[in-house]
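Next, two complexes with chain A in common: one pairs it with chain B, the other with chain C.
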Partner chain A sequence: MKIAVNGDAAEVRDGLNVLELLAERQVKMPDMVSVELNGEILARPDFATTIVRDGDQVEFLYFMGGGA
Partner chain B sequence: MNLTDSQIERYSRHIILEQVGLAGQEALGRAKVLIVGAGGLGSPAALYLGAAGVGTLGIADADAVDLSNLQRQVIHHTADVGRPKVESAAERIRALNPEVTVRAYPERVRAANALAIMRDYDFVIDGTDSFAAKFLLNDAAYFAGKPLSHAGILRFEGQLTTIRPGASACYRCLFREPPPAGAVPSCSQAGVLGVLAGVVGCLQATEAIKYILGLGELLTDSLLTYDALAMRFRKVAVRRSPDCPLCGDRPSIKELVDPEEAACELRP
Partner chain C sequence: MLTIPQGIYREMVAAARAEAPLEACGLLAGRENQVESLFPMTNGDASAEHFSLIPEEQFAAAREIRARGQQLLAVWHSHPATPSRPSPEDLRLAVAPDMLHLILSLAGEEPKLRGFRIADGRATPVELEIQAEETDYE
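Let's look at the complex of A and B:
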């Protein structure tokens, strides 16, 4: 099925949950990413139980603490 | 407030803009913007807001200028190494535009002083370099009811959002709490492209000016991400979270407290 990750089209297998998607996309530190699914921020405990569906828009939002 | 002849000349490229005009320039002159952190983000923001004629600029920073700052913190010069950053920043802004009132706060903004410092300002710019400070400013802006430009930078990437507390998504709507200490690299550990700070700090200054002038669309309910290597800007739509611990339906944060210190406090 086709989804969009950070605006880029991606082909992923059916039944993938968000935690598995993070691993598949080689996000090294998934604890450091907020995930927005179709405009809603997902609670971290829901990553493993939220199944990605065809056409979903997924945004990985990364912590960035710099500024000085 | 009536502009003098020299002010009309100084600000002529603003005044000639239909959307700014004399009234807009006078509004800038009455405005007060607080910049927390006179570093990579705060330097360009302070210089451009000073040049733009923002009447009062507050600069808060507890640090002294270090040689390793000068690759990006363009408000400080080589001769300033060792001086308090608020001193060299204030001197540079006054030299650029003597009409700006600069208030220096040579202290770290914390729960104990944040609300008192913010109280008198119209708009706050987060130019800090730690998660603890960024969460604190987000929370303080909420309790003080002050609009805030949040930004973060790392390596070749940056991101920013504008927050109108209670009306648009806050930093905690997106990132609930600071990451565990050491989990995310800091700029001193990971590095940062100097000019990246300039780009993002200038975007923050743009938001402050738009807010003061009531122009255009603020970057509220949006996270703008910038990848300097791909030269790609993306605007990610975000929204207030009913589960936000600060501005959600059942908030757990009811007063301002200092978040735990995290990665970016580490010194090289």
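Let's look at the complex of A and C:
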């Protein structure tokens, strides 16, 4: 099925969940990533249980922060 | 090497001074090693010793950067009272790949901006060039 990831078209297998999608994208620390699915931010505990659907728009980005 | 237009550098300094004693932060985008856009971001921690970007603002910036045909090049934050070197927390939390980390210190008489590439908790300095003349940017 076809989805968009960070604005780029992607072909992924049926039944893929968001956590698996992040792993395919070489994300090693999903706890440090925020995901937006079709314009809505997804709670991290839902990454593993949210199945990606055909036509979905997925955005992900890394936490950015630090200290002095 | 990362090249930053003088006008964007001035905006960063102004933001750092305006937010002090809290840390200011933002994103820099452009093409290759040339910064073309500054995205001021809210410090979600509203702290003098910490900063974190707010995901909703990050997603909005990411979309705008794409729309401009640019790439996210760097994240910057200020150190209002400490030098422009990565703190242990900066090193620990630098998890985004291919990202430069710029630190603007207000601790001295003059602002001091330095850049780093951080991987596996280690920082490598990156040369920064502040363009002398005003350059058009978005």
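The criterion applied here is as follows: the second predicted complex is superposed on the first by the 65 of 68 C-alpha atoms of A that agree within 3 Å, B and C clash if a C-alpha of one lies under 4 Å from a C-alpha of the other, contacts with A are read in each partner's own complex, and residues count from 1 in each chain.
Going forward, a contact is a pair of C-beta atoms (placed from the backbone, for glycine too) under 8 Å apart; a residue touches a chain by one contact, two chains touch by 3 or more.
This structure is a prediction, so every number in the text was calculated from the model and none was measured.
Trainee: Hey, is it chain B or chain C that touches more of chain A?
Mentor: Of chain B and chain C, more residues of chain A lie in contact with B.
Trainee: Per the contact definition in the header, classify A:M29: touching chain B only (first), chain C only (second), both, or neither.
Mentor: A:M29 contacts both chain B and chain C.
Trainee: Between chain B (first) and chain C (second), which, if any, makes contact with A:F63: first, second, both or neither?
Mentor: both
Trainee: In the superposed arrangement, which partner chain does A:A43 touch: chain B (first), chain C (second), both, or neither?
Mentor: A:A43 contacts chain B only, not chain C.
Trainee: In the superposed arrangement, what residues of chain A touch both chain B and chain C?
Mentor: The overlap between the chain B and chain C interfaces on chain A comprises residues 6-7, 29, 32, 34, 36, 41, 59, 61-68.
Trainee: Touching residues of chain A toward chain B in the complex: what are they?
Mentor: Residues of chain A touching chain B: 6-7, 29, 31-32, 34, 36, 39-41, 43-44, 59, 61-68.
Trainee: Report the residues of chain B in contact with chain A in the complex, numbered from low to high.
Mentor: 37, 39-42, 63, 69, 73, 126-131, 134, 151-154, 157-159, 173-176, 179-180, 183-184, 186-187, 190, 192, 197, 223, 234, 236-239, 241, 243, 262-264
Trainee: In their shared complex, at which residues does chain C touch chain A?
Mentor: It is residues 23, 25, 44-45, 48-53, 55-56, 58-59, 62-63, 66, 75, 77, 79-82, 86-90, 93-97, 99, 101 of chain C that touch chain A.
Trainee: Can you name the residues of chain A that touch chain C in the complex?
Mentor: So the residues of chain A in touch with chain C come to 6-7, 29, 32, 34, 36, 41, 59, 61-68.
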